[in-house]
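Worksheet: the structure to be examined is printed underneath.
Chain lettering (A, B, C and D) follows the sequence in which the chains are written, and residue indices restart at 1 in each chain.
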């Protein structure tokens, strides 16, 4: 049973390597999560356990794949960032997307009982789909993350208003929808205060208002802090790292803690204070510091 | 925080719809399974529990996604087939690949304890990557599946010989490799018989020799049986189904049992006896039959 | 000035090979031909010289590129067909499209004075754009050509009616447009007869009504004629030709006359009587025949 | 003959829009120009008339397509640059490539007799193929053009040495090739001086040593000169031009002279002194200036 006569079928596989020197965002989305929410009785408008599960799964993905620089999550979606110079899997689109989606799903299912101990998973299991999007410069890349965070805010303000009208003001879904129709942001703040037991939207938890930002935690070194982001200061000439440096770098990434924060990523501050994210270089680990001082 | 100023970033998403009227194969592969095998002590050359877990996960994928026609698995890989006229997710490549990979991974992790109750999963969890390959005609499509099954046979004969030389003939890995170097199929059969306690390769289990074939089980109706595969008999004109027919069809698929067999898919017989696989039409369910007779 | 430091820029070139075993249609379209028509005073609704120029250019393209099987032209567009097994330029899309477009344009400009001796070309020169479209089976491929020929008919009937109302019935453009608004095919036939000096659309020249079909002229051999097109009769197994056969084949193609006809390609007849077009095999040349007989 | 039943074939056309905000280079290459050179007796190592014809054709392409920023040509190839924000043809790859190739070929054939009045073109006519390559940042983009110019230098030094050894030192091709084998740049300079009648490579015409650079000629305004290239100074935020501004801009481009120069484009100077090329903005036209002063 010689295999050679069939091997020509391999020629039907088409290359899908993503353009070099371009930022890669992999966004994954829950499939049919509306149904999932109701099946497992997720709280409305936000279920903290469900969000913590999403964040834990994303944290594990970042731990397993050290090339990842950043992840931003909200609701049932998560966006993962690879550096423009990343060469993982020769930048093959399907390979990158499927690996992220697979790793995320595995942890989501595996960690489920930690967050919903009383609600065992039953088929069909939760699943996610994914896509790769390329951004050629830091401006469009940051605008992508701003878009997701602005979207988080807009949706959360709406959902908080909608469910508060139901849960606190006693409206039904149709009435709540009608009440909010045509309202702008300011109106919703007022509705919450005036009609929903004096709710103050600004006091809602940041995890709901801003979503979740995951990145590797390095110490801010003063030189970096002054220089700001790599895009404006570093020379663009591609200087491939030596293998030793690359390997040392990889180990540092694997060792770094993956922080989960609920903060603004639209403004400059987030990026300026963590210059290693966009530079793709590793910063100093807290205990490197310790060693050096001692 | 108006979102409109950021929305232009959506234009960076590029369409990846797969060519119409072309067979879609999604192949998934385990990532780093050599390490996984040794971590969880999989038996060599084949671990029946590991294969049964793969097959169960694939069966669940076929249950969850009724558009799938066929799946073929061997070792840590599985190939899933969509019909050339399938329009699921508008045939978007990343969406199809990621959905299959995610669903498969979810079940693999979820079902793990059923097959390895004494070996709890610890991070990094098993994960899979995937790719989509298009085949424009039935000849190349069947050659694809023949390629995978021939590959299964070749690898299994080698691995069985290699591990038997170690386990039964007492060779070490290097010696076993050297013993097999340059041998053809017939030689390996003889080595097994002469040097490994009279092993007869032909009596090895089909699940190892032929891999696993999954498909929906319908009753063979005589008309179909006579007509053979759709490619040669059915008119090629695209006749879109009415919505009612499509929905009825979908329900039949969801209801059908997904069979797992370990049989030859290189020869005509497999395909001729199950004409519904390539026709993409549903056959008669055993109990439809029953109802009708009564 | 070592070049090696810049060579990395080659890695930005992305492969664009078209899916194997799939029919390739390259369609080219005149750019801004409405302006061109008025600048050079093309006759309305059809300018025979302009069409003959298009056809001559296409004939030269077919002469220069022996892999081409067929070309169909109407107005300022032409569609060229490569066989599904064609491997020219490793099936690279941009290379195939640009070569056809370039060759066509060169001849169009070069031959212009033969057809418009009194109207020298002045910049901006006529130009064409092109695209590649894949068809995985003969049904969709033939439907593509049927689509273009049906389109030719519909447009020509409208244009003939519109310009006859102006030229023979004395209407202005607006009135002619209004007269035709909402009419079906039959109405237009009647308008031509009743309002435009008894014109009979069916007696209009076939070159306007059916467009132009170009193919290599081989003698119909009885065996072929009986067998019909390769799709239904020949085994699909890919049997690569020997180099000698391929070269002989290529020479025959180069030697064959490229016929220009204005006939129906929607019905079976055209294809059945010229089985070599879709089989991709060469037929017998008239003088092969002669040689053999002598 | 309703066309609607065939229209589904349009769905086989697949989108090929190039990634947004990325520099587009279209490179075209002569097909089979070695044969062409010998058929029309081009001079060796460089035929000035052939190069002037290439440059004239490229100049006409830039005149016809105002979106083009720059063109660089050497031998039988030309690279054309579109701005990263260019939206011509919705950035469809095949459309951009085929339009450039078609326009270039048309002029090449049309202008031929101006440069080779005594050598009428005979079929097969000269033709070109083309491809699109994307560069996400100015560094890689400039490295692309440096790569082409360094390549020009290396090839021209070799060819000049090779043909001088034949034409002046009386070697045959094989001997000349052997003489140059293993030599570096400096050696070739010495061979030219010592063995080929005291030739000084540095005194060879720049058009051969550096190739040809085409760009629209605007006056250097001091503000621009100080600011340098857009990449480092201009805000990256996408601020779409108003329609009026865009139209005025377009007119200025159409009006600007297209300069042809044979100068270094590897160093900063070229780009710093012509900031409008990469900024994609139009500069001041010489007569705008005149008007203003008057």
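What we mean here is this: contacts are C-beta pairs under 8 Å (C-beta built on N, C-alpha and C of every residue); 3 or more make two chains touch, one makes a residue touch a chain.
Per UniProt, the chains are A, B, C, D = tRNA(His) guanylyltransferase.
Computed from a predicted model, the values in this text were never measured in an experiment.
**Student:** Consider the two chain pairs B-D and A-D; indicate the one with the greater count of contacting C-beta pairs.
**Tutor:** A-D
**Student:** Of the pairs given as B-C, A-C or A-B, which one copies C-D, with over half of its contacts the same by residue number?
**Tutor:** Comparing each option in B-C, A-C or A-B with C-D, the repeat is A-B.
**Student:** Quick one: report the Å distance separating chain A (tRNA(His) guanylyltransferase) from chain B (tRNA(His) guanylyltransferase), using the average Cα coordinate of each chain.
**Tutor:** One centre to the other, that is 32 Å.
**Student:** Could you put a whole-Å number on the gap between the CA centroids of chain B (tRNA(His) guanylyltransferase) and chain D (tRNA(His) guanylyltransferase)?
**Tutor:** 51
**Student:** List the centre-to-centre spacing of chain A (tRNA(His) guanylyltransferase) and chain D (tRNA(His) guanylyltransferase) in whole Å, with centres computed as mean CA coordinates.
**Tutor:** Between these chains, centre-to-centre, one finds 43 Å.
**Student:** Among the residues of chain B (tRNA(His) guanylyltransferase), which ones contact at least 2 other chains?
**Tutor:** Residues 8, 12, 14, 19-21, 134, 140, 238.
**Student:** Thinking of each chain as a vertex joined to the chains it touches, would you call that graph a line, ring, star, complete, or other?
**Tutor:** Graph shape, chains as nodes and touching pairs as edges: complete.
**Student:** Applying the document's contact rule, which stretches of chain B (tRNA(His) guanylyltransferase) touch chain C (tRNA(His) guanylyltransferase) when the two form their complex?
**Tutor:** Where chain B (tRNA(His) guanylyltransferase) meets chain C (tRNA(His) guanylyltransferase), its residues are 19-22, 84, 134, 136-140, 236-238.
**Student:** Which residues of chain C (tRNA(His) guanylyltransferase) touch chain D (tRNA(His) guanylyltransferase) in the complex?
**Tutor:** It comes out as residues 1-3, 6-10, 12-14, 16, 28, 31, 60, 63-64, 89, 93-95, 97-99, 101-110, 121, 123-135, 140, 143-144, 146-147, 150-151, 153-154, 185, 266.
**Student:** Within their complex, state which residues of chain B (tRNA(His) guanylyltransferase) touch chain D (tRNA(His) guanylyltransferase).
**Tutor:** Per the touch definition, chain B (tRNA(His) guanylyltransferase) meets chain D (tRNA(His) guanylyltransferase) at residues 8, 11-12, 14-15, 17, 19-21, 238.
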